[in-house]
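Here come two complexes built around chain A, the first alongside chain B, the second alongside chain C.
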Partner chain A sequence: MTYGRLVLRNLSRHPLRSLFTTLSIALSIFLVCAVLSLPSALAAILDKAVSNTRITVHHEAGLTYLLPASYVNKVRGVPGVAAVNHFTWFGGIYDEPKNMFPNFGIDPDTVADMWPDYKIDPAALRRFRAVRNAALVGEQTMRKFGWKVGQMITLRGTAFPVNLTFEIVGMIPAASGNPVVLWFHHKYLEESLQPRPGWPFSGFPFVGMVWVQVDRPEHVERVMRDIDALFHNSEAETAAETEKSFFQNFMSSYQGFIRVILGVGFLVVAAVVLIAANTSAMGVRERIPEIAVLKSLGFRRRPILTVLLCESMLQGLVGGAVGAAGAFFLFRALAAAGKTGGLGPLLGPLGSFYMSPATAMQGLAIALVVGFVSGIVPAWNGARLNVIDALRRLF
Partner chain B sequence: MIEVHDVSKLYRRGVDLVHALEHVTMQIPRGRFVALMGPSGSGKSTLLNLLAGLDRPDSGEVVVEGEALSRLDEDALAAWRARHVGLVFQFYNLLPVLSAIENVELPLLLTDLSRGERRRRAEIALEAVGVPHRAHHRPQQLSGGEQQRVAIARAIVTDPDLLVADEPTGDLDAKSAVEILTLLRELNQAFEKSIVMVTHDPRAEAYVDTVIRLDKGVLVNGSDPHR
Partner chain C sequence: MLVPVTYSTRSLLVRRWTSIFTAGGIGLVVAVTILLAGLVGGLQRMLVGTGDPDNLVVLRKGATNDGSSFLTREAVQIVRALSGIATGADGRPLVSPEIINQPFIRTREGGRENVLVRGIEPVAFQVHRDVRLVEGRMLQPKLGEVVVGKGVALRHDGAHVGGRLSFGRRTWTVVGVFDGGGTAFESEIWADLSDVQDDARRPSGCSGIRLRVAPGADRQALIDRIAADARVTLEAKPETVYYEEQADAANSLYVLVLVLAVIMATGATFGALNTMYAAVAGRTAEIGTLRALGFSRTAILLSFLSESLLLAAGGFVGGVVLGVVAMWAVNTLLQGVAFSMMTFSVATVLLQPSTTGVLLGLLFAVAIGGLGGLAPAWRASRLRVVDALHRA
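Right after this comes the complex of A and B.
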């Protein structure tokens, strides 16, 4: 007989109750680990998608302001620039408004130079250049809508008063980190925009933003300065930034949302603490006669407090280990499935969700705190029971 | 020797103060088997609790084997109980999650004995009370008489100077009650343990050396415990 055995035996007194309490802790720690991994997972997704030699150039006033199309050629002339492309947001909807996804008019001639890391099939790129209404579609979007290469699709314009019909000529692999986008010829959009009621223009001499491939990473800072200097005091001043910085700024709009998720995660933990504390208090109340006997045998406050607290902390530890290990191995399995099992498009961002061992340890530490906080008050009350008062409840 | 000097104990019941014990003085020589008898509310259990160091008198003093219990603080009193007192309850009060032998080992957790030695002593104690074959059974698998034997083994396993028993036969059938009284008597005679037992059972008088009667918190047969 040891104190450890006494703790284990006490926990086995109501196996179902202990199991459910442990599982509730495990589930909450699973959620906490997932929530804690969110910022680093977003950073991992970002790292996967960006290049250290790609920069974006957009209107200094913001992304909703357009740049003159002439800027594209001017940027091309800046020393250190290896390739230039551009994006124009079309805002096309497939079938229903809920089917909105990013689709851009671009320059088909420099896709391979601008995004060599996307590893798009060269045959698809050749066809993309050759066919006026060709479209390259991200793997995830292809799967989502059940599209096939060679299929004709029509997108209803929301940013422009035209509907465009495209022939899908190839796929942008999910491994590119950009698996939802659709690219088509900017010129196809331009040609479609003829004067009509509500649209007095012919053509569209603007682009939404310019993409630049720099020849060497150490030239990036200088090229950005040169581009901004080139358009300084012009009708449309520019703001150049690295691709990583661009996406970080883009994602920063989600920071508030992430904070809400973090808050909800910790509220879940608080709720579990209360549930576990209630269970623990119930367990101590039921055992007052036994605590009385232990006290009468000569057990002092400290060993009784220790035994009762160890019970709740052991539950926390086991629940935490199950929850943290469950989250760790689940996300690892999802990442592996995303890479090797061809499930990447199905999993979407989940396939890039990375949980570090440090986050698992954080989850475990939180579980121990849950065990301690939920057990301390009932354990303290049990340990400081007056032996005579407790014995009276015996008889 | 157990000495009780002018001990009084009051309880508050609502707004009233109730005298559980009033100026009780008595002595119990070492090795005696004593029964405390009297009607309900006479102060038997209160006196037993004071002798076992579970409670403190409001006035007066209890001295057991030269140790004045009122001078010990809470922790020292608990340590004293662990070393010198064995307790037996009416309803056995074994821990249901532990086997018989684990229940008996429980008080030995408070000693410096090794795990093996604790187990050995618990086996000896179970042997002494006649239930070694039930060592690995849980309390709920034992009869009332067997549970009380295990409880007595738990009380004697630390080799205490004093055994206190609160209605040890109160929850037993007649046959088991006689067996428990016989066992207590044997322990008293074989190991010269002082035993103080609260009981309503008239059969107990035949097994004890001395009967001390209380009524309304006062000793009925004076301070001389000898018959």
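Right after this comes the complex of A and C.
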């Protein structure tokens, strides 16, 4: 009989007990994977959406402080700047307030230069430039609302007193890492803003923030300094930062919530360690006579320790694989159906998370650790068993 | 005749470690339930509690929150002149024009977050009844003075009376700290209306109006009058409704908590099943003896079931203690949980110990103990006396 068979035989001695323990591990790992998806979704957004030559320029005081539209051309003149674009938050909602998603007025002419990594279909970009009320929509938002290219949609303005109707001309692929956004012509918004009761302004000579594509990575630091220096002591002082630092800052407000969720994940793991450790301790206790016999037959400590530890780790492995794979495929399916956005307004970009294979691997690794930690003390006690005492208890 | 309860308690004590581990697993489920319910409860209390049923929120039609609304000075004058609005001691209507801005503020860790700054006139303190100064004095107009909510005072270094805060286009002097009675206002900085207008470069306008309905006046009639006024495009709603809408997201969070807790509790039930099956298997001879002494099958079943429920009760008590300690730690050591709200500014939520959380925890503990004990107890009660004693 090989050691492997011994492990399997031992586990199938109490099939119900092994099943319960494994299921309990599987459920916990399922939860842990769901919990870990939040921070790893953040990291994934950062990794995918971020280019090392793209920088953002916004008002030094905050994102609700607008920049004069003239800044766009001034930034364009800074040496090392390859392309410039800009965002203006429209705050449009589709049908109901809970369907809030990011939509921005932008410059349609420099999209390809600004976001070459987004791999937007060139034909869609041509149409985006040509049609005044054209919109490019992120893949996930398209699916969530069931929109099709060519469809006309109306967004109700919240930040501006106008409702805008757009023709969807193309999709921003999910692989861009920016799959929820809607882009449209800044000019279209500007022209629709005419004085009316309660809105004394005409036009809109501002932008929310400026995007800059720098020609080479080594110029990034200098370009950021030059831009801030350009507007120093002016009406609106700016803060330029890399795209990565911008997103990190934007998401740091979710840290408190993430900490609580991670804390909960830790408690889940602790609970399953207790449950699994209890089971393996019971297993060892019941088998004291057997282990004593094995030892008296000449088996040394190490193989006995290994066999006992393998039992709990095998349960961890199987439970972890079931739990991680279950979470992985469930979240994939939910993301494909576009249904993970239920917490949208509260969690912002986190509301639409999906689980990466790396997270599933982490879950599996945690399961193995659970198996090891829960098995090591009982296995150690089993292996160190004093043969004489144990056999005396038997006879 | 029932098996004495001491048989169950002593049995639990004999296998001390197994009992502790199983109860510990149950306790962690209870603790997580209480903790998460506390988070959701705190969030809901903060948002729902912020609304005053006697107050109306007036925004530009179509705006979903005051962060995205804009009203002209003329609109404020028109609303001020409407009938059905309460008046203060000085005879002026309790109409508070307010402007919202969300500048960056430095955090202790060196990062930045959005803070909600509310530009107000002195009347705001009469309209918002829950808000009162607890330290320092009221701010003076046009001097760059601010009063800060208690939550802000906890999170930011300069936010104490006499301290200075940098946000927006200038540095501000903190002259007071206010208590908001646990409402969302506690995470806000209040400054002078015209100071914030200057800072936001939005001269002569505001974001919205909060007003107090006169006692005995018809609230709905006032709402209708505001909506029907042709000179302005405004819409009014009770403050309670406004904040309940903002709290909708917290409700979907409750579903998440329940799903999480149910999955975790299922895992713990498997743990309890293992323990109780092992207990039954290990005590076959005892069960046989009990039966031979004349205890009925039902007595055996109840005995093992109560043993499992006792185990769960121990877990429940431990879980409540752990949950309350964890809550206290989050509230005092971490100063609550920073939440990014609908308006993208950061609010601090203090976890709120709630009976709902404790009852949910109790429900889970009883379910785990009951479900985990039932099948093993059934097996114990079905043992045949002869077989059981034979094995002894």
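One rule holds for everything that comes next: the second predicted complex is superposed on the first by the 234 of 395 C-alpha atoms of A that agree within 3 Å, B and C clash if a C-alpha of one lies under 4 Å from a C-alpha of the other, contacts with A are read in each partner's own complex, and residues count from 1 in each chain.
Please note the rule applied: contacts are C-beta pairs under 8 Å (C-beta built on N, C-alpha and C of every residue); 3 or more make two chains touch, one makes a residue touch a chain.
Since this is a predicted model, take the numbers as computed values, not measurements.
In the superposed model, A:Ser28 lies in contact with chain C only, and not with chain B. Applying the stated contact rule after C-alpha superposition, one finds that A:Phe299 touches chain B and leaves chain C untouched. With both complexes placed on chain A, chain A has more residues touched by C than by the other of chain B and chain C. In the superposition on chain A, A:Val264 contacts chain C only, with no contact to chain B. By the touch criterion defined above, A:Pro79 lies against neither chain B nor chain C after alignment on the C-alpha atoms of chain A. Of the two partner chains placed by the overlay, only chain C lies in contact with A:Gln255; chain B stays clear of it.
In the superposed model, A:Ile388 lies in contact with chain B only, and not with chain C. In the superposition on chain A, A:Pro357 makes contact with neither chain B nor chain C.
Applying the stated contact rule after C-alpha superposition, one finds that A:Ala61 touches chain C and leaves chain B untouched.
Of the two partner chains, chain C is the only one touched by A:Leu16; chain B is not. Comparing the two interfaces of chain A, the one with chain B and the one with chain C have no residue in common. Within the complex formed with chain A, the residues of chain B that make contact are 49, 52, 54-55, 74-75, 78-83, 85, 87, 89-91, 93, 95-98, 101-102, 105-110, 115, 118-119, 122, 154, 166.
Against chain B, the residues of chain A that register as touching in their complex are 1-3, 5-6, 9-10, 12-13, 289-290, 292-301, 303, 387-388, 391, 394-395. Residue ranges of chain C in contact with chain A, taken from their complex: 17-18, 21-22, 24-25, 28-29, 31-32, 35-36, 39, 60-65, 67-68, 70-72, 75, 101-104, 107, 111-114, 167-169, 199-201, 231-234, 245, 248-250, 252-253, 256, 260, 263-264, 266-268, 270-271, 273-275, 277-278, 282, 326, 330, 334, 336-342, 344, 346. Only residues 14, 16-17, 20-21, 23-25, 27-28, 30-31, 34, 61-66, 91, 93, 97-98, 100, 156-159, 161, 163, 196-200, 249, 252-257, 259-260, 263-264, 267-268, 270-272, 274-275, 277-279, 281-282, 286, 342-346, 348 of chain A touch chain C when the two sit together in their complex.
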